[in-house]
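Two complexes are shown next, each including chain A; its partner changes from chain B in the first to chain C in the second.
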Partner chain A sequence: MQKQLREIAGPLLGLILIWIFIFALAPISRDWSSVENVLENSTGSGLFIMCCGMTIALIGNCLDLSVGSIYALASVVVGQLLKAGVPIPIAVLAGLGAGALCGIVNGTIVSRTGIPTLIATLGTQMAFRGVADMIGAGVDMEQFGKTFDWLGSGLQGPLFCSAIAFLTIWFILSKTRFGYQVFAQGGNEEVARLAGIPVKRNIVLIYMICGIMAALASIVYTARVDFAYVDRGQGWELLAIAGVVIGGTSMFGGIGGVGKTVLGVLIYESIFAGLIYLHYDAFWQQVATGVVLILAVWIDHTQRRASASRRTGVNIAKKRSLWSRVGIGS
Partner chain B sequence: MLSTPDSTDFVVEMRDIVKAFPGVLALNSVNFQLRPGEVHVLLGENGAGKSTLIKVLSGAYKTDSGQILVDGAPVSINTPQDALDQGLRFIYQELSLAKNLDIARNMFLGMEPMRRTGVVNERLLYSRATEYLKRFHIDLDPTEQVSRLSVTEQKMVEIARALTTKAKVIVLDEPTDVLEDRSRKDLFQVIRQLKQEQGVAFVYISHRYAEVAEIGDRVTILRDGANVGTYEIKDLAFDKMIELMIGGEIKKQYPDLRTPSGENALRVENLIRGRILNGVSLTVKKGEIVGVTGLMGAGKTELGRAIAGVDRFDSGNIYVHEKAVRLRSPKDGIREGIAYLPEDRKGLGLIQDHSIRDNFAYPSLYRISRFGIVDQRRLDKEVSDIMTRLAIKAPDAETFAMQLSGGNQQKVVVAKWLGAQCQIMVFDEPTRGIDINGKREIYAIMEELLERGVGILMLTSDYTEALEMSHRIIVMRRGAICREFARGEATEADILREAIGEMPIAAQPASGVGAAIGGAAQ
Partner chain C sequence: MKRALLLLTAVVLAGCSSSSGTPAPATFNLANVTIAYSGYSTSNTYWNILGKAAATEAAAKGVKFVDVTATTNDSGIQLQAVNSELSQKPSALIIGSVDNNVFGTTIATAKAAGIPILAVDTGINDPYISALIQTDNEGAGKLIGQQICTDTGGKGTALVLGGTVGAQSGDARKKGVEETITACGLKDDGQYGNWDSATDVSLSDATIASTPDLSAIFVPHSDGAAAVAKEVSDKGKTATVKVYGFDGSAAELTAILNGTEAASIHQDNVTMGKTIVDDAITILQGGTVPQTVLIPPVLITKANAASFQ
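Showing the complex of A and B:
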């Protein structure tokens, strides 16, 4: 327990510092509603749920750049079905199923062909968005009714869905055999294979879970704004990666956890909130996203490379959280 | 082309070359002299320092101290480009041609004749290529794409390429390993012609004695990173050569290995995989260590990997406790109780930045989980038990693998396979790169494994290790078993002789041979 606390000490401290900074500079923010606002932004857009999926993907060394397109696809699938009068549970399941299917496609391509994950999922990113356009471009899909809308309304709905996503991923990663295998193959695929782990099958499962989470994220947001729209989720894969990596999960596999992702997403959204309180406009948010992402991955990367060169002949290196690099935490 | 005798007698001279790697002195003040127009063979056991010496000359490694002279003038070779500028050419075991291009383009890669406009003068390119190929009697069409050539032909193209620029020295690293008998003759023909007509000097690395005697003029023997003598080849008998390569080491004490139980733990029948394994059969008893040794590329690792299900093989049968098993993946191997412990412990034995506990868990996940959920309490208990039993020195089970010493890491590797209840363990080079104390610890672990009835197949290039730590020693050569020795039956010389596999052409009295020409280690 103490060890776990030490591991998240860095991000936690970072989060606190950001808020001290915001409170100090923007008196208007000194209110419970600003915290509530950050929580709503994190969960209501579905970003946190998507990050939960991205966490397992990055730990398993299965980078997924197609989540933004899956986000769009799931939205129009659910929208079309609800509009056609399909019962809500079935429409929701179909949306999640679409995400799962996309994930299976990703996983199959990566595990069968051995194409780098970056390229494979960049390709499917285009393809999935194309499919989404076919289903939903120019179609009017809105007003799905109160029951469905609850999933995304206020703080309760999104928080509820986020809790489900969090608990699922947490359980998988820390309790199940599959979760252990994800860490193992993300840490070193050949070691995992030699240990009898079905690496290829797991790749498909990892992408499937990531796809389902992206779809769930999309359903929450679709419910929140009460209309489905195809032009969503552009560039979201980078937001998701940023949220996960800032929390301390490695871009390079084998290290991390979904608890860290909670902090990562909160930090990310807090930076945004801070920019607004300090009256920077929306363009600055985009700049900040880019800067934060590059910074986070850079720190992760240099740390890995530095420790690799220290240990001659070893190319798997120490991949600890980026926070230990900047001197906070473990 | 011959350098003038008054300027220098040597085209390349390496003086007092020292190169150390962490924990190993790879080259200990080596002197090496190459005359113009000679074929100079470099001999030595695995790890004697041959390739390190060549890499120093090629600029791939930087020396710690020492001097390199080309045509009598000191030069500094810090990059491969420096070596090229000095007229040194290197042809490695692996082919280094751009397969998508044709022969002519490969021969002049980066040095294409240009027109004034900056485009390649193709006519000149092909006519020059034709000229060179003809001059060395290489009967190939310069417009042929390299990917369509045989391995021999590709080797020839590499040599032809080396000659397109003014090559003074060509270094050939085990060039004939991939060649058939007939094409070897072709290659030798080209070499002879070049040294006579152009005065090109060759450094020739090979293990094959017959070949060495056929093509070589002089030979330098390296042992443990030192030059133990340079000889005229015609003066050096096979036995003497073997003696020099091994050195007159005093025989070490064998530890008492307990006699195995007599039951077969593992039986392998006629294992075949492409051209790498040509029908290997062997048995390992419970509580027995069978050492498999041979030169590099003899097929040891491939054998071990096939037996553990890591690599597929074409045909052959494997029996575990006399029950036929089918192995298509490491998972099958583990199910049947066969573990493969790779040579690269840091890279492939353990996940360095995961804890001892997690590393221990990976191969046992199916055993210690129910309905897909890991029984954490049971895992914790098993980890702490095995850490006590194997005396793994670590603060706790959450310690990262990379924080452990080499010996302790090897213990964790063994622990994880014991945890997976493997009764047959294939150790690939168990002690390479480990210091004396670490070795002792690992041997102790192996002895303990024997007491538990584990059968061990130990793949090793270290003949001393094979002799000291095996009940039986199997020598492999080119994918097949060529000889089996009982414990205490063989000496290092016997093993090396079998591993090289070629008998002396001219038998000479063992004493008084080999007039040292100079260049012996200081």
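Showing the complex of A and C:
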């Protein structure tokens, strides 16, 4: 427990400092509605749910750049089905199924061909968006009714869906054999393979879970705005990675947790809202998020290097980089 | 009939400048003409309709139409697609640009090859551009601005969102709104939502929480406007915070009729798509077309929204 608290101490302190700063400089924000606004945008946009999926992907060393396109694809799949009068549960399941299918495609390409994750999911990012266009470009999909609306409106529905996403990923990572294997192969895939872990199967499962989470995120946002639209989720893969990494999950695999992701997304959304409360341009939000992201990765990198040096006496972690992780460079 | 009248008005408004192509060869045959088109993105409903209208007109005129619009609104990808198509030597090139500042080399290459370039919806600032047809975005912004002034009585603060910085159409809309609302006494809170509805919603939410006298929100694109209108309605703020949009998509029209969105702008994208193809053919035949056609915007309110459905 102490170890877990130590691990989240940095991001937690950062989040507290951000809010002290906001409350001190923007008196008008000293109100529950300001905090509620951050919670609504974290959950209602689907960003937190997408980040839950990205958490397991990054821990398992499976970078996924296609989540933004899956977000768009799931939106139009659900929109088309609801528009056709299909019952809500079936339409939602079909949307999640579309996300799962996309994940399986990603996982199969990565595990069977050995193509670096960066390239493979960059390719599928374009392909999935093309499919979404084929299904939904130029089609009006709106007015899905109050029942579906509940999933995304206000705080209750989005919080409920976010809690499901959080608990699912938390359970998988901390209570199942598969979860332990994800950490193991994320830390060192070759060692995991030699230890008998079914790495290839796990890669497919990781991408499938990530795809389902991206689809769920999309369903929540579609319900929030009450219409489906194909031009969504562009650049969201980077937001999702940022949210996860800012929380303290490692970009280099093997370390992290969905609890950290809660803090990461809250930090991201708090910076965004805080700067608006302080009447700064939205550009400053991008600058601030970029700086926090670099800091988070730098801290992670430094800790890994120090840890590796202590363990082996050799600075091997220095040799690992994001690019070697995705198969480019040594 | 309404479209024909609008276009006629627009041509008159466009002024005297005109552009003419090189004289058509004696053996000019429409069947040998290839018109290449690159729109903003295939994912955007407004552009999808415009592209389809252009393709339909090209088919009706018997010319080959090559659509190289990318799936995403990425200016780099659009530039690559346009340059690749240019290497295939089309007869004419129509661009609906994501970023109107990136086509310097493209224009030089087209000029050297004698391929006319036409712009649709968004202007490209280069004298080589043979024709531009677009909505009068700044005029449309002013129209919305006047409606905001009327609805709010010039009281409070207006959140005026732009698209991406430097995007000609979004900037013109924002400028038109801002100039008008500040003149009638409203405080202007300008931001950029990057054409992303989730960002528009987040910006609106944060501004609602931090600006007690917020009385209006302008979103420069349809997806964002409908999303913000729904969000404001969910927060129970529709009576005090009016939402204004652009493009008038089906979702927006529904919102206007429901009373959750106050007004939007109708852009005649079908006429734009059709006319730009006609202009390209006229230029290739050696004829003359107006250099700039500004289609007058039409304000959509609850009173006339049903007629656009």
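Convention: the second predicted complex is superposed on the first by the 281 of 330 C-alpha atoms of A that agree within 3 Å, B and C clash if a C-alpha of one lies under 4 Å from a C-alpha of the other, contacts with A are read in each partner's own complex, and residues count from 1 in each chain.
Simple rule for what comes next: a contact is a pair of C-beta atoms (placed from the backbone, for glycine too) under 8 Å apart; a residue touches a chain by one contact, two chains touch by 3 or more.
Here the structure is a predicted model, which is why all the values come from computation and not from measurement.
Asks: Determine, under the contact definition given at the top, whether A:297 touches first (chain B), second (chain C), both, or neither.
Replies: It touches nothing on chain B or chain C.
Asks: According to the stated criteria, A:175 is in contact with first (chain B), second (chain C), both, or neither; which is it?
Replies: First partner only.
Asks: Touch check for A:100: first (chain B), second (chain C), both, or neither?
Replies: Neither chain B nor chain C is touched by A:100.
Asks: Contact-wise, after the overlay, does A:133 reach chain B, chain C, both or neither (first, second, both, neither)?
Replies: A:133 sits against chain C, while chain B stays out of touch.
Asks: Looking at A:183, would you say it contacts chain B, chain C, both, or neither? Reply first, second, both or neither.
Replies: The answer is first: A:183 touches chain B but not chain C.
Asks: Looking at chain A, does chain B or chain C touch a larger number of its residues?
Replies: Ranking chain B and chain C by residues of chain A touched puts C first.
Asks: Could you tell me if A:191 is touching chain B, chain C, both of them or neither one (first, second, both, neither)?
Replies: first
Asks: Applying the document's definition of touch, where does A:165 land relative to chain B and chain C: first, second, both, or neither?
Replies: After superposition on chain A, A:165 lies in contact with neither partner.
Asks: Which of the two partners, first being chain B and second being chain C, lies in contact with A:70: first, second, both, or neither?
Replies: The answer is neither, since A:70 touches no partner chain.
Asks: Hey, which residues of chain A end up touching chain C in the complex?
Replies: Interface residues on chain A, with respect to chain C: 26, 28-29, 31, 33-34, 37, 40-41, 44-45, 47, 72, 126, 129-130, 132-133, 137-140, 142-143, 153-154, 221, 224-227, 229-232, 234-235, 269, 272-273, 276-277, 279, 281-283.
Asks: Using the touch rule from the top, collect the residues of chain C that touch chain A in their complex.
Replies: Interface residues on the chain C side: 41-45, 48-49, 52, 71-73, 165, 189, 191-193, 196-199, 201-203, 205-210, 212, 223, 226-227, 230-231, 234, 249-251, 254.
Asks: Over in the complex, which chain A residues touch chain B? Could you list them?
Replies: Within the complex, chain A contacts chain B at residues 3, 175-181, 183-184, 187-188, 190-198, 254-255, 311-320.
Asks: So in the complex, the part of chain B that touches chain A is made up of which residues?
Replies: 22, 310, 329-331, 333-335, 340, 342, 346-354, 358, 361-363, 365-366, 369, 372-374, 376, 398, 400, 402, 416, 420
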